[in-house]
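First comes the structure, then the notes that go with it.
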Amino acid sequence: MENHIIRAGIVGVSGYSGCSVLELLLRHPLVRVTYVSANNTEGKIEDLWPHLRQRTRLHCHKYNYDEAAEHCDLIFLAVPHTTAFTLAPPLLKAGLRVIDLSGDYRLNSPADYKAWYGTAHKDKMNLKKAVYGLPELFRVAIRDADLVSNPGCYPTAAILSLAPMVAIYTKDIEQIIIDAKSGTSGAGKKLSPAMMFGEIHENFRAYKVAQHQHTPEIEQFLSRIADKPMGVTFVPHILPIFRGILETIYVKLTAKISLPEIHALYQRFYKTEPFIRILPLGAQAETQQVRGTNFCDISLALNRAKDMVIITSTIDNLVKGAAGQAVQNMNIMCGFEEELSLI
Amino acid sequence: MENHIIRAGIVGVSGYSGCSVLELLLRHPLVRVTYVSANNTEGKIEDLWPHLRQRTRLHCHKYNYDEAAEHCDLIFLAVPHTTAFTLAPPLLKAGLRVIDLSGDYRLNSPADYKAWYGTAHKDKMNLKKAVYGLPELFRVAIRDADLVSNPGCYPTAAILSLAPMVAIYTKDIEQIIIDAKSGTSGAGKKLSPAMMFGEIHENFRAYKVAQHQHTPEIEQFLSRIADKPMGVTFVPHILPIFRGILETIYVKLTAKISLPEIHALYQRFYKTEPFIRILPLGAQAETQQVRGTNFCDISLALNRAKDMVIITSTIDNLVKGAAGQAVQNMNIMCGFEEELSLI
Amino acid sequence: MENHIIRAGIVGVSGYSGCSVLELLLRHPLVRVTYVSANNTEGKIEDLWPHLRQRTRLHCHKYNYDEAAEHCDLIFLAVPHTTAFTLAPPLLKAGLRVIDLSGDYRLNSPADYKAWYGTAHKDKMNLKKAVYGLPELFRVAIRDADLVSNPGCYPTAAILSLAPMVAIYTKDIEQIIIDAKSGTSGAGKKLSPAMMFGEIHENFRAYKVAQHQHTPEIEQFLSRIADKPMGVTFVPHILPIFRGILETIYVKLTAKISLPEIHALYQRFYKTEPFIRILPLGAQAETQQVRGTNFCDISLALNRAKDMVIITSTIDNLVKGAAGQAVQNMNIMCGFEEELSLI
Amino acid sequence: MENHIIRAGIVGVSGYSGCSVLELLLRHPLVRVTYVSANNTEGKIEDLWPHLRQRTRLHCHKYNYDEAAEHCDLIFLAVPHTTAFTLAPPLLKAGLRVIDLSGDYRLNSPADYKAWYGTAHKDKMNLKKAVYGLPELFRVAIRDADLVSNPGCYPTAAILSLAPMVAIYTKDIEQIIIDAKSGTSGAGKKLSPAMMFGEIHENFRAYKVAQHQHTPEIEQFLSRIADKPMGVTFVPHILPIFRGILETIYVKLTAKISLPEIHALYQRFYKTEPFIRILPLGAQAETQQVRGTNFCDISLALNRAKDMVIITSTIDNLVKGAAGQAVQNMNIMCGFEEELSLI
């Protein structure tokens, strides 16, 4: 194969997602990590992330455009919202390819961005070119994209779980409710009273009820699949676990459809996908079974009396919900085997 | 006051609910525990429950009707389903009052019992006399009951959360979904592979999806409040915590109702209730805040675009969801202050 | 009864210890909480501690000496180190009795304070009058004390575990090692990267190895009991639990002593103590069995080949290790029954 | 290199260690897993271990010697104690190489085996040939061994932590205490009341105090290193985590040695070892930092006043403490790169 080694950089390596990208790339046979940076931190990676001692000699620097552009072919932006607006444009202009793990290029409409992220969109030009990095739905476009917008963790599980239903039974769907539960790593590493051990351990609560910024992302892509507006009610909760998302999704139908028929549809829909596992009827997805993996597990049930399909799906929010999916996108963009370093 | 001391017995003290009843009664100023038994265990309570060492000198015996009837005025049955059918009738006949924490006397219809518990109902006579022990709704009937059927843990949170809506907005409710999450103590103390530390810790999953035996209990009492059939979709999950239930309840309305209006309704409805706390708008219930208490916390939100009311409510499944509610019922039955030993 | 109600105040009610004192006093039949304050917080207690909603209408104010002195007979200081130096003297002068939960009055020697707390002692006058509030050893002095210095959490478990050995086998002890493990609530409620859920959950580590400020407190009181200098090696660890301390204590002997003999000594030594439980030989103390209680459980073992006594003891660090012991001290100071509100 | 693919079998794949071996081998470039078996289970691996769905098509059979011998070059025995006595001899005779993860071939003396495992040793012949699979100390012998006895989890951390001290400061060591803490996976997957979530979560306790069967294993190898009898006091505890061991080791010296000197010794001793990390002075080992890895982290401290060296070391009990070390041994035995599939 004419595979040559890719030089990759990670901006935001001090966060959980950035670190997870680094971990995956360190074992990737066709990637060399040539640049890592973090906003407020300088020094050896092993001082930042002691679990990587003896694994890498990389130094972490404050971000510098010239160094990043010079040393890398492709950059992962694992940065807070609004930061990518500044970083992405010059890198793209210099010919680098960019995978942005933030929310900055996920919503097509700058007005939606304003409404849900509370600040104006600042890079409408690249927004038009950005490809949504959900390989199972947009693999072909990802291949040639210069800017891939890596999906949010909740939307990844939600859209993958709903795509077959929404695509095939479009007219029969009356209502969608997504009751989502996430481990704490989804909130990132920043200091917060709500994320102290004493506030999470032996506790459970909802947050941002029907107000989470992932709502419009889910609605936008379900609408695109359905080719008509699709709304959802989305309620996230915080679990006393570190990694993992489980979403319990209630799809109210206006028609009778049998569970085996739905199950067969899902199996067909994802037949060739390496990272989607449709569980046998009767089995239930568990976060533990996808921990540390790039899998999305999907289980199906039906409350026949109410014509209510109940989908439960799980991902590791740091892998399929962030870094793993980003590396999967990179593999596609670079023409590598899609599973490289992910299995 | 003419309060005299009640002699109480606990059958099934080796389980979590039975032990919790014992803990509450040990600090109750108007109750003497005169009898405790457990199916397979004999010996000192402190051998069974080491945390109670130096707290009580009670001995636990295999159940013996004569001793129970002779030494007690009132008996708590903290036994597995179907056991109460055998134990309750003779005790009632002997003039004792009985609080049954099992599911045996909760469903009015023996056919429902058969359908959901998988075995025939064996005491239809007492079933007719049993009073459902949810004080906030049935306090007057509880006062004079000889047989109180203590509610299930999930139904307690569900019915308390829905009663005001269902009572007042009966015609406007199109659909109810209850997404419930429980700590492991709800499953009792019995040995089970699914309840090993390695299967619960850093894990999350649904179980008995739309098939849990608490479903008809919830539907029966919502229907009674609404005075018309009310169905729900009920999906329980198991949390990596020991104590606590949180239920996220989605009520789809056919009419526009404002959130402040709903909030005001709930505050009025439960105004004089000592154990119901309607949280201020914006606040969210957390299991930690009811841990070890008899409170039920209820928080309210609205997805206005979808006319979807989102109620989150929490209880401690071993207290308001079992032993605490049982003691509250006892206090009512005996004419004691309702909060005795519960605050 | 000639018991009259005591008016008690709590300074530092926004911390875990202060809140725990409040919880205990709210159910105390002979105490009225007349004053609560916290450094940076004003407002209703229920805004500070939502789990206390509907339990109290107390308001929390910034500390004001005049109000505290006017409304209280006795004050609990649940404040950071060095704060008591400023607060205690005027209160004592005004005739109030003070129970200080900080480390400020525990070490007899200002030089030791300087060495281990890193700052000079600022109230040597009251230091001389302060009584160490470990009731099992100093009950008589506590009774008449105006200033009680409530023991540290680690020292409470350590000194209670070692007192019988040190008192009776003084000459036979060659060396003492204390390997201590604590839940996170011991670190208080302050924001800290090391106490985030992601740093504690599914993790375990030692900290301040042989450098913890509780070391001289343990040594001082063991030396007093032994009537000669006693040193220890003390290593604390942080457990992924919220409440509870377990200390594994290794006492190297220079003489053969049998385990039953040691066990009998411990039973005799603590025979009349309501809060000390000497476990039967073969049983092992568990933090869960003292959770939420004022008990100290002590279990004993012997490595005969090495003449090594191995003591494991447990307390709830927020109860016997802080608030519970403080209330026990208050009960003694006020001539109340010692167990009031603690069982 | 003339590396050819090895055909490997795993007996006991239904346990945590066996499954961990399988996970490591599935990503090993030079190994094909050709046989897996488990005592009581037949069927697809994905039914046994749902997290491996879509990762392997292996079938698990009840153990059959002929099939194992025919299809494998090397066998991992991840079986309970005493089982290897029956399985290993015929496999060795048939020319296969065997890595035994049980305790059957760890103790040189059958009398010790009898004393600590409670049953007679049944394969003294192979016991003499077995090589202890701790690569950092016995790499050369492992290379040519037919039967490798994989170390216990606790001994791995203990021996690696103590080897440099014991080797160099032999005469200066007066006493060794090992206070060990382990996650629950060390106890395996078998059903047990003590391992239920409710008994582990928010709990901590010691067990088998000074009576654990790993004690003689530690003493035997320390004695071999020291070339004189070395005893230890060993007390294990169970942590509310799934994976990870931390051992706090107290070495009492009869001479003054400086901490930097000890630190330099450890760095030299393990200079070329890929899986040993000597942490910088001041840093403390954490179980989280070795989770899922084959590393053993070692941190060093000194209580100068007591001449007490305090070593804290961590491993993942399922990796360096079991499966990872077994694969490391296999790599050495087969002449592969030692880190293959382990980094």
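Descriptive notes on the structure:
We just call them A, B, C and D in the order they show up, numbering each chain from 1.
Just so it is clear, a contact is a pair of C-beta atoms (placed from the backbone, for glycine too) under 8 Å apart; a residue touches a chain by one contact, two chains touch by 3 or more.
If you're wondering where the values come from, they're calculated on a predicted model, not measured in any experiment.
Considering the contact criterion stated above, the chains in touch with subunit B and with subunit C alike are A, D. On residue numbers, the B-C interface is repeated by A-D, which shares over half of its contact pairs, out of the options A-D, A-C or B-D.
When the C-beta pairs in contact are tallied for A-D and for C-D, the bigger tally goes to C-D. With centres taken as mean Cα positions, subunit C sits 47 Å from subunit A. Between subunit C and subunit D the centroid-to-centroid distance comes to 40 Å (mean Cα coordinates, whole Å).
Separating the CA-averaged centres of subunit A and subunit D is a span of 37 Å. The residues of subunit C that reach two or more other chains are 199, 201-202, 240-242, 286, 288, 291, listed in rising order. Interface residues of subunit A, counted against subunit D in their complex, comprise 27, 50-51, 53-55, 201-202, 274, 277, 279, 283, 286, 288-293, 295, 343. Across the complex, subunit B is touched by residues 16, 184-185, 189, 191-193, 195-202, 240-242 of subunit D. Those residues of subunit B that touch subunit A in the complex are listed here as 175, 177, 179, 181, 199, 202-207, 209-210, 231, 233, 235, 237, 239-244, 246, 248, 250, 252, 284-288, 291, 301-303, 305-306, 308, 310, 312.
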